[in-house]
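After this come two complexes, each holding subunit A, first together with subunit B and then together with subunit C.
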Partner chain A sequence: MTATDVTDDEPTVEEAALREFLLGLADDDFALGHRLTDWVGLGPTMEEDNTLASIAQDELGHARLWYEALADRGLVEGDLDDLALNRRPAARRNSTLVEVDHDDYADVVAISLLYHDAERRLLEAVADGDDADLAGRSRQALDEEPFHREHADLWSERLTATDEARSRLEAALAAALPRTTDLFAFPERVADPLVEAGTLAVDPAALRAEWAADVRDRLHALDLSVGDEALGALDAVDAAPERNGRVGEHTGALADLVDQIHAGDDVLVGDHPVLRPRADGGERP
Partner chain B sequence: MSGETLSEADADGEGTADGEAVADAGLDADRELGMEDLDPYEVFVQWREDRPHEHAEVVNASDDDLALLFARRNVDVRQEPKSVWVVPRPALTTRAAAALDARPAEGATGDADAAVDAEREPFAAFVQWERGTPHEAVDPVEAADPDGALARVARRLAETDDDALNVWVAPEEAVTRSREDDTALVPSTDRGYRSIQWYAQHSIDPSAVEAAGEDQTEQEALESAEYTDSPIEDAGSAADGDAAATADSDAENTEENP
Partner chain C sequence: MSADAGGESAAGEQYPHAEAKLDAATGVERRVWEALRTVEDPELPVSIVDLGIVYAVRVDGDDVEVDLTLTYSGCPARDLIVADAEAAIREVDAVDDADVRVVYSPTWGYDMITPTGRRELNEWGMAVPGDAEAPDPECRP
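Moving on to the complex of A and B:
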């Protein structure tokens, strides 16, 4: 959290890569956590409402883990508030899967089903890597993830119990699947230096096929039909995503999310209405 | 009289001996919310290794697995529970200890001694020892039916000369337990930021940090900075970008630092 450690020196190739990758992990967790908190008070039952809010807190906690790592290493300017709240959409590296607004509870289930498996694979790549600090943070996050996957699994099973639930889950999955193409799409300038340095035990791009096969198995096990177009997103293992959140290409949904935090279009990023003073008394960027 | 199940203790007091729900305004409302498909589950939590599971709360769920999922996050995870059990309320048979009979009830098939082993099944048992305290799990008993299980518990209470207020029993197979390696019950990340105290602590007077000296790490500065008396008011003021005016500096705390 020591923003003062940031030097004016040009970051090395590896530092730049690490920055982009960790922002990907952090921004994923932040965007999903934020979207899940939208459901507070609106969940299907009180118990599920609490459970989802708790999962949202986990995700925001994981975002903190990574924002903290970024700040500790001087890879970014600003403190945790700045990183989470005061960054423009184009500066964010989350997958487009997690930034969209949810219309239906089936969206929560569909996105969770697709995202948590991908997240686990990315975290494991870091946990198995050589950077002890980052590996430790990954293991911390991984400890909380089985519950999230269990939640997605239980709910996806239950949303196949009636025709209406099934059709809503299928529609949600059909909408979400095309946005999964950027989950592992870290550009070479990010992936290669980190694999070379041993920070990542495996190239994220190599995780995609395995993930897609797992998703396919799940859809098959639940007898869910999502249509060929959506399924195509699982086949396109090597194709470049149409819109890649990992390089800052986002949908309008992320701009809405950031606007929501900043309570209106007229408020500039950085003028967050609940901005707390920085502990070091410094100015925010 | 046989043991009264909790599910039959309807608020309207109507008998439901035939198992049919009595229609009333409350049930209609439940139906509208889809709640009629949900069962209440009693949640038992073990807070410490050396303590038994104790009744903590109720969750409503459609099935055992979802009930356990909810229970694991609807209990206070900040207290790091060791284990969580859920029991569907209809599976529980409850009886006031005063009405307990160490002998099987007349005509009951639950004479545990008479029943052949094959007919017996394990029952989880929960005892309320004092008014105002939760039911606590005691060692399970084996019996052919709930009456037999209650009789077994009664006999054990008589043997140990323990006073109890109320006893619940449920077939063990109705109890759904969290796994021993359940990482969901143990917070792995710092959850301090989730409390209002954290925000109070982090809304600090920048001048206090400055006064603390440059050698101090930020974390030390945060720890030595004063909690404000009124976190909510403080947060509101911080929103105006004027936190410095509201967060009091604490001379005593800064004295610790050279």
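Moving on to the complex of A and C:
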């Protein structure tokens, strides 16, 4: 039994859809938050180090918000530690955009520039929906997100100040853009029942074109050249992604991330979140 | 809007200040509010009631249910606050079981802090908006 197996009877179509969608939101925040914690102590300036730690904490907090909603509704098995730490890559529903390792500081800026605006649109779809509990959670997250977008805007502008910084940001964007095609690519079996039920005020797929146009405007405003191939990812608003994290298709980077979390399993002792005894007495997967 | 009576949350919902809720409560419910007022935020010596994060107290026989929120969702002190609140409630005579639920609606904001909380936070150097005595957040002399 894995942490994402459903606990009771067969879930309804709507329950199964909600589970997949909320895992998408939660796993996005967890993967990005986890990657950002790698910068703690390594940020380019002291202020920036603090900022990235703060954003990482926000993202991990938002992951908790959604994992908790899943657990409260009995849509998943396991506690918060299991959901965040003890799930195999194929069980995760995050976009491939946020799972990769950050080789360069420009990767943080590029991924942030592309991700936070997409996240805002998905959260607004829930905040404007009919499920009061989920809408409240979305509003809480939305309240905390504006400075993440300001941070991405500020640094993307700053990284155009020198040729060296500009070329590194352009390379990071060119690498990240093809991985954005799954951001809104929740399959019909997930999107349709949630739109039908009113939980989502809008079909995620319908948000993609507007998001892509905004990204294009931002790249244009900063005169960033990312190459036609990368730009193609913004054009193909209706095309199915080559690899769709929303259905569990991930890059090796996510396996590395999960392996890293469990690298010390044999030597970990005591109250470590990977092995801490579960409150309900259940077994860790 | 009056600072004592309450305000409007970010979501536009009207709510009374925790102090007003405490004053209006009677019996066991009153004693639970008073017990919660002794619980401090682990990061600052200010009561969770005065921070405005306690939203509701419900008493059903000897069972007590409390709704509280966090000042931000990544709050690392969450489990401590919940455990401290439950322990404080169980100290109240006539209470058998305490269940503290973390809720996210309405969204917490500065205007949920009680006048007492504002004063205390300002004494600790936090520039809480809406208080004449607050330090200038722009740090002008």
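FYI, the second predicted complex is superposed on the first by the 266 of 285 C-alpha atoms of A that agree within 3 Å, B and C clash if a C-alpha of one lies under 4 Å from a C-alpha of the other, contacts with A are read in each partner's own complex, and residues count from 1 in each chain.
Quick note on the criterion: a residue touches a chain if its C-beta (ideal position, glycine included) is under 8 Å from a C-beta of that chain, and two chains touch if they have at least 3 such contacts.
For clarity, every value in this text was computed on a predicted model and none was experimentally measured.
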First (subunit B), second (subunit C), both or neither touched by A:P146: first
Partner, of subunit C and subunit B, that touches more residues belonging to subunit A: B
Partner chain in contact with A:L65 - subunit B first, subunit C second, else both or neither: both
Partner chain(s) touched by A:Q57 [first = subunit B, second = subunit C, both, neither]: both
First (subunit B), second (subunit C), both or neither touched by A:E48: first
Touching partner for A:A135 - first (subunit B), second (subunit C), both, neither: second
Contact residues common to both interfaces of subunit A (with subunit B and with subunit C): 57-58, 61-62, 64-65, 140-141, 143-144
Subunit C-facing residues of subunit A, complex: 57-62, 64-65, 68, 132-133, 135-137, 139-141, 143-144
Contact footprint of subunit A on subunit B as seen in their complex: 35, 38, 59-62, 65-66, 69-70, 72-74, 77, 183-184, 186-191, 193-194, 199, 202-204, 206-207, 209-210, 218, 221-222, 235, 238-239, 241, 243-244, 247
Subunit C to subunit A touching residues, read off their complex: 10-11, 72-76, 102-107
Residues of subunit A defined as touching subunit B within the complex: 1-2, 45-48, 50-51, 54-55, 57-58, 61-62, 64-65, 140-141, 143-144, 146-147, 150-151, 154, 158, 273-281
